[in-house]
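In the two complexes below, chain A is the common chain; its partner is chain B in one and chain C in the other.
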Partner chain A sequence: MFIYFTRRLLYLIPMLLGISFLIYLGLELTPGDILSYLLPPEAIADMKPEELAAMREALGLNDPFIIRYIYWLGGILQGDFGYSLASGVPISQLVLERVPATLELSVAALLFSTFLGVILGSISALRRGSLLDNSLTIFGMIGVSIPEFIFGLSALVIFALQLEWLPVGKRLMPGYDSYWDHMPHLVMPAMVLGLIMTAGVMRYTRSSMLDSLNKEFIRTARSKGIPEWRINFIHGLRVALIPVVVLIGFRLPMLIGGTVIIEQVFQWPGIGNLFVNAVRGQNYPLVMMISFLSVTAVLFASFLIDLLTALLDPRIKLE
Partner chain B sequence: MSADQKVLSVKNLKTYIYVNNRCNKALDGVSFDVYRGKTLCIVGESGCGKSITASSITQLLPKLSRIESGEIIYHSEKGDICIDQLERNGPEMRALRGAEISMIFQDPMTALNPVYRIGAQISEGLKYHSKNTLAQLKQISIELLQQMGIPLAAQRVEDYSHQFSGGMRQRAMIAMAMSCKPKILIADEPTTALDVTIQAQIFELIDELKQRHNTAVILITHDMGVVAELADHVAVMYMGNIVEQGTIDDVLRRPAHPYTEALLKSIPILGKGKQQQIIPIQGSTPDPYQRPKGCQFEPRCPYATEQCQIFPDSQPISGTHEALCWHSEKVLSHA
Partner chain C sequence: MKIRFLLPLAVALCFSAQLLAMPKNSNQLSDPRVRQAIAYAIDMDTIQETLLEGKAIVADSHIPNGPFKKPGLPKYSYDPDKARQLLKEANWDSSQELDMVYYYSDQLTVDLMTAIQAYLSDVGVKMNFRKLEGDVGAQLWTAPKDPQNGPSAVKWDLAYGAHGPLALQEYFSRYKTGEMSISPADAKLDGMIDVLTSTADIDAQKKIFFEMEDYIQNELFTLPLYYQQAFIYESNKLNRNGQIYGNPQYNYDWDIAKWTVEPDASGKMVMNTNTGPTEFFDHPWFNPGLFITNKVLHDRLITCDGGLAPTRPKMAKYYNLSKDAKTLIFELRDGLQWHDGSVITAEEIEWNIELALKVPNIMPIFKTTFSYLEGAKAFMDGSASNISGIAVSGNKITLSFAQVDPNVLLTFSQWAPLPRKYLEDVDPAKFQQHPFWQNPIGSGPYKVKEVKMNDYLVMVPFENYHEGVARIDEIVAYPSNDNDANLVKNALARKLDYGFTKNVADVKSLEEMDHMRVYPADIPYTRMIWFNKYAKN
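So, the complex of A and B:
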């Protein structure tokens, strides 16, 4: 098992290298001169062509593409993530400031949607065809199809503006900086993101559970004379969970992408917000770094999911 | 304790299955008795109601089916229990399942849960029907696996079902079924999914356990060789009825129902060579939704007459032998 996972981890290295190359290539191919992002237009107009050429040379912009890529990659490996074009602040610092907020939001939404989705999905499967099952199905359809920003904005209007139960957005108010003070700020974005994901988890759990409840080992379990809850949950749900865990694993990238919109709607100071601002400001080193870090996070998440499914399903061979 | 102590009586049992608003009379008046320490074999072709009979006894029926009428009486040590009156998955029914009446299913590949260890699955029923500590339960599962003839049982209880071969899985299933020392063991075609070489071993094991624990066995099969080898009593089923039942000698040597007779003639016998005459049964089983009016076998029966348009009464042949046919005398003399 240890060997399997070590090898699985080693596979990540070529994948990350390939992806970093693609990201660098993608930005190389986007039109526009880097100097025009760096300097205000008036400054460029004032400069002599020789000065501009010297600056290019100094910045290494005249080196071949591959050499620049290797420098960039070497920097990352040494922990030098580059600097933001907008503020000159090191990217590592910018990202580190934002990571806790994004993690907080996505972990809260993930936990919420997983627990609620699995519970509602299994109840739905057990009460198949009942009023409850049908209403949950309708709820699920709405949840899957409603765009996040509409859902988020409606929640804002209802709970923050009309009812005034929850703060309008942002993560912290000036003067309140203890950890628990920002919990009320977390509730709405986490619920909106979580509810949208719950719908999918619920539908998937329902069908997976229905499938496993029709398996013969359920009849075997019933023939032992054990209580129904044990048949349904210890036997039925336990087996049904394996594909659900895989689904949640596939959801992780969506979670990182999904927070972009939610973070905008709720002015949540996370990575998604930073990313949107970076794209708008044509802050290309920052865009590149955030893309690269997101991909890394997704790859590690999928590695974790592999580990988890292997633990859940003894049939998965670990050689 | 008399030799013929009844443990289970089924009287005029009717179980109907409802599919797409249509009613399939899967069991249409089935009666038989099961005796302590004896094996009853139920034979018949696919779809004749063998498995529904078995699952009616433990009420492990499909959702859209119902015991319409009739009685299933379990003669327990504490008095008779009408199984048909019990709530399907209620506590009384659960107290019987596994503990008093247990089942072995057709396909051991799918009948075991893939994510739990064999040992835990073997002792799971016992956990609810007795008061044993976890350590005791584990010890019992090891002993059971050993009795089933699985080598290195102490290690194998830690395995998962996918690490077992087909034959071993069925042994584990039997260990599971025998864990609470039930009075009745129902085996629903226990070897259909197994290799021929393993089949004999499994039957031998079931027979040995029957003798050791004086368990009554209901064995569902379509293998006449197995019937001849293991059965004390035989019930032949056709289209939801037991068309003939009796002791093994009665049914196999002196068949009194045309279907039994035809069934026996259609089986090739090993060693008789190419010259033997195998006579297939003419026609095919009728659509269960468009049954013949009278005798269900009438359209395929060489003895059929006008009288067969009326559903036959059970004709006693001898004290132990009966057939559901107007012409049983003729069939008897023919054989």
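So, the complex of A and C:
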């Protein structure tokens, strides 16, 4: 088992290298550069080529693509994440400043979607074929098909602008002293993101629950006269939750880079927002670092889930 | 006798008129009749009413309406029949497909391009359009090696863009031979540009402006489409207390220190605005007034009226420009301070000018002014350690210019000195990337109290400001660029008290809000189509 996991861990290295190279290459092939972002087009149009060349040289943009990639990779290996081309601020600082906002939003949305998805999925499975099941299926389909920004903007119009129950967006405001002060700002983005994710969890729980309720051990439990609620929620749901937990485990690292649209709609200053600005600005060290961190998080999550599944399920044999 | 003189004169006139209307080379766009036909083919009045929703002024010159615009310039109002006739006279090759480029990312530009494409198609001119990506400057403006005969060093035929100069001379100075990618050498134009950029005399400037506008509009070097307006918006909580409105993209004598806002429940006056920093504070040498931070955190040596005409000294106790416009003297006010309490010295102003000359991304008009100083060239090429044209004595700074810069006062009404002690180690090519721009120290009426990058910025009155302490207790600026994507929703949520925009759709929404006021401001910002008149390879 130790050898298996060491090998799995070592596989991550070429995967990370390959992915980082592809991201770098993709960015290189995109037209434009950081100057097109730092300076308005009219200004670039007005500047002399030698002035632009001096700025490019100072920002290290004149080196060939592969040299820049090697420098970047060398820096990472030495723990130097580089600097934002736009501001000169260390990337580690920028990322660390924004990770709490994204984690806060992601975890809140994940908890909300898990709680609601598991309950609704279980109810749907237990009432299979009923009006309630069909209604929840339709709700799930709607949740999956409505684009996040429409959902988000609709929530903004209703709850922030019409009813004025919640703030229109942003995360921190001047005068907030404690962590809890900004909770009202979290409610709407977390619920919108959570509701979108609920549909998936619900559908997954439903099918897993149906599968689990048809198993032998459930019939055995029934024959022993155990109460139906106990069979469903203690025996059935517990087993049904294993694949759901795997799904949720995968979602958290994906959310780190996947809250882009919600962060834009709600002016939430997280990693997604930083990433969008970095892509727009061709701020390649920052784009690379955020992508690299997201990919690393997903790969490690996959590794940890494999590890956990193997430890929990004795039927899995590792070679 | 009379006939003997008049006949050759008439022949010569006809011949020269004929010559004027001839193509200058194999490119059909070098023929003024083709350019005029394109102008006649586009119905700008309809575009202004529909696409631009009435929020722009149809242009008939580079220069917007005002004292420097010549009355009665030729207009090219929509006349498709005349366009067809001119194309016929010019033997327009209808199989030719014109390549139009632009650099904006907004939908309005695409809609405008589509409309122009349809108008041109109606008179028999095929045109395709595309957005320029990458090094826009090089693709637009690389001048040919031979400015007389070309061939063109750029690939496009027509380019749509804007010019919003700080000084009106900049509208035309870029047409100087060898500067631009679009016009073969023109001795007449070069001569006029030389006069325009070397006189500080207002009457002389006006005369030459009129001549140039007439020449350029008759020849239609470039087709001006419309003057874009800026729209200042304010909530009904804000009171300027009689202070003036002006060009919001730059600095003028708006005296924000006297503004007030309806106090909140705690009795505090808080003004909410946008254009706060997302990752860094934009430095004020490039965009001196586009962002609220550059307007209120930094002070200027002199100030100007809403139309940007210099009016009175500000950081300076007085200033004096010599009659020949070659010597400018400032004397700083006594006891001027930076926000950290340290004293602003005349030596620092000298150091600032020297640094500004080395920073690549500064406003062109600033660079022009500083490069006209005596000894600036030697300083730039490294043969001198200082600019010999700057002399400092106590609080007095004397600037001696090698050549006249008509915009010297305008420069000093917009350019902000910065504290030397924080920027002494700066690499000019990475000026914007210096840590100073994470929390800048300035000299303006407000100073930074708290900055949570990408969350908010709080600015409070600077207690030692030389014109008195500002009345609004806090200015809270939320992060955005100058085209704030969250403008409408933040305004609806009453989280915006002041700002400006050029986005027509946002203006329409703001106008419908009872608690917001919108004021259009005429600014020098002309959208135009440039014609590439060089022969192509």
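Quick note on the criterion: the second predicted complex is superposed on the first by the 241 of 319 C-alpha atoms of A that agree within 3 Å, B and C clash if a C-alpha of one lies under 4 Å from a C-alpha of the other, contacts with A are read in each partner's own complex, and residues count from 1 in each chain.
Keep this in mind: a contact is a pair of C-beta atoms (placed from the backbone, for glycine too) under 8 Å apart; a residue touches a chain by one contact, two chains touch by 3 or more.
Note that the coordinates shown come from a computational prediction; the quantities given were computed from them, not determined experimentally.
Participant: Who touches more of chain A, chain B or chain C?
Facilitator: C
Participant: In the superposed arrangement, which partner chain does A:Glu28 touch: chain B (first), chain C (second), both, or neither?
Facilitator: Neither chain B nor chain C is touched by A:Glu28.
Participant: Which partner does A:Ala58 reach: the first (chain B), the second (chain C), both, or neither?
Facilitator: second
Participant: Once the shared chain is lined up, is A:Gln267 touching chain B (first), chain C (second), both, or neither of them?
Facilitator: In the superposed model, A:Gln267 contacts chain C only, not chain B.
Participant: When the two structures are overlaid on chain A, which partner does A:Ser84 contact: first (chain B), second (chain C), both, or neither?
Facilitator: The second partner, chain C, only.
Participant: Touching chain B in the complex: which residues of chain A?
Facilitator: Result: residues 215-217, 219-228, 235, 238-239, 242, 312-315 of chain A touch chain B.
Participant: Where on chain C does chain A make contact in their complex?
Facilitator: The touching residues are 103-104, 133-138, 140-142, 161-164, 174, 278-280, 286, 360-361, 364, 427, 429-430, 432-435, 437-438, 450, 452-456, 458, 474, 476, 478-479, 485-486, 489-490, 492-493, 495.
Participant: Which residues of chain A touch chain C in the complex?
Facilitator: It is residues 31-33, 35-36, 38-39, 41-47, 49, 51-52, 54-55, 57-59, 83-89, 94, 97-98, 156, 160-161, 167-174, 264, 267, 269, 273-274, 277 of chain A that touch chain C.
Participant: Chain A touches which residues of chain B in the complex?
Facilitator: Its residues touching chain A are 58, 60, 89, 93-99, 102-103, 105, 107, 110-116, 124-125, 127-129, 160, 162, 173, 176-177.
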